[in-house]
């Protein structure tokens, strides 16, 4: 899994019907920026753990997503940059 | 998922039979250019959300595709480049 | 999916039994060179659409392949390099 | 699979319920740092073999993880850097 | 699929139980070095075809592996570097 920091969110009125109600967060992981479904309740600034690919979709009830926030890392993890 | 901008489309007369009727859009995401199946109705210039891998194929009824447009992002998302 | 150009083919006498009879093409996509199963009938110089990962395997009857040619792009697509 | 060296672990109080009790190790593989579920009992400094994607999730009873430690490489493998 | 050259093997006494008896080869593919399960009987110096991801796991009876040697390329393939 990747570690990233939530930097924002995206909204889409026109989308696959099965994505209705799904929150999408923008997450920066190293030099990469990606969008992940969130069902854990993460917010901007949180350091999160991302699952990607089919495991992420399965976690989101087989919605067409390929990345999901699966955990919010504890701040005492030695991360002082936020 | 990746965020990209639709830059065009591709056509193929000779293809897997199960791809008949499927629209394929060219999407630029950062430095990368890829082709994604579209069932949302995106057009050139739209900023879209892409799902990749098996979740994209499942969304396209198990067609042999590995990328799909699953949402068109709202323009008020702070994107001013198009 | 990726767009690539067929540059050759590979042959293997010793291989997984389930790959018998499968054609493998070498495809160049940008800076990357990969090998893809072909069931569409592509040849050297054709510009093709590749599906990767599990969707490619499913298309090839669950053979152990992770890339497959799923379409030959029409030449009128504005591609003049070949 | 990738070879990596365990450099630490991460903890998360808020996470997907199905991840309860799962150990997550930070593993450095070349220039890349990733987080992998561990059910083999690896520790800091161990050189490990990582499986990624759906095979890793299946190994972890379909938990939403995309990387797992599946083996600890024997030290006599000629690795003298640790 | 990727083409690579077998450069060695790795051994692990402590591993997932379902990996017992599985041979793991180190394969160099371009700048990348990865470890692949082998059931074809490849040896050091062989030029091989690798399948990755879920198709590789399925080929290995759903073992937690994400890369497998599925073919040994014929030497007459124009490869003179080994």
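To keep things simple, chains are lettered A, B, C, D and E as they appear, and every chain counts its residues starting from 1.
Everything that follows uses one rule, which is that a residue touches a chain if its C-beta (ideal position, glycine included) is under 8 Å from a C-beta of that chain, and two chains touch if they have at least 3 such contacts.
Only a predicted model underlies this, so the values are computations on that prediction, with no experimental measurement involved.
Trainee: Common contacts of chain C and chain D?
Mentor: E
Trainee: What is the distance, in whole Å, between the centres of chain A and chain C, each centre taken as the mean of its C-alpha atoms?
Mentor: 33
Trainee: So what's the Cα centroid distance for chain A and chain B, whole Å?
Mentor: 20
Trainee: Name the residues of chain D that each touch 2 or more other chains.
Mentor: Each of 53-54, 56 in chain D touches at least two other chains.
Trainee: Taking the contact definition as given, in what order do you meet the chains if you travel the ring from chain D through chain E?
Mentor: D, E, C, B, A
Trainee: Quick check: in the complex, which residue numbers of chain C touch chain E?
Mentor: So the residues of chain C in touch with chain E come to 10-16, 18-19, 24, 33-36, 53-54, 56-57, 62-67.
Trainee: Within the complex, which stretch of chain A touches chain D?
Mentor: Touch residues, chain A against chain D: 1-3, 39-41, 49, 51-56, 58-59, 68, 70-74, 76-77.
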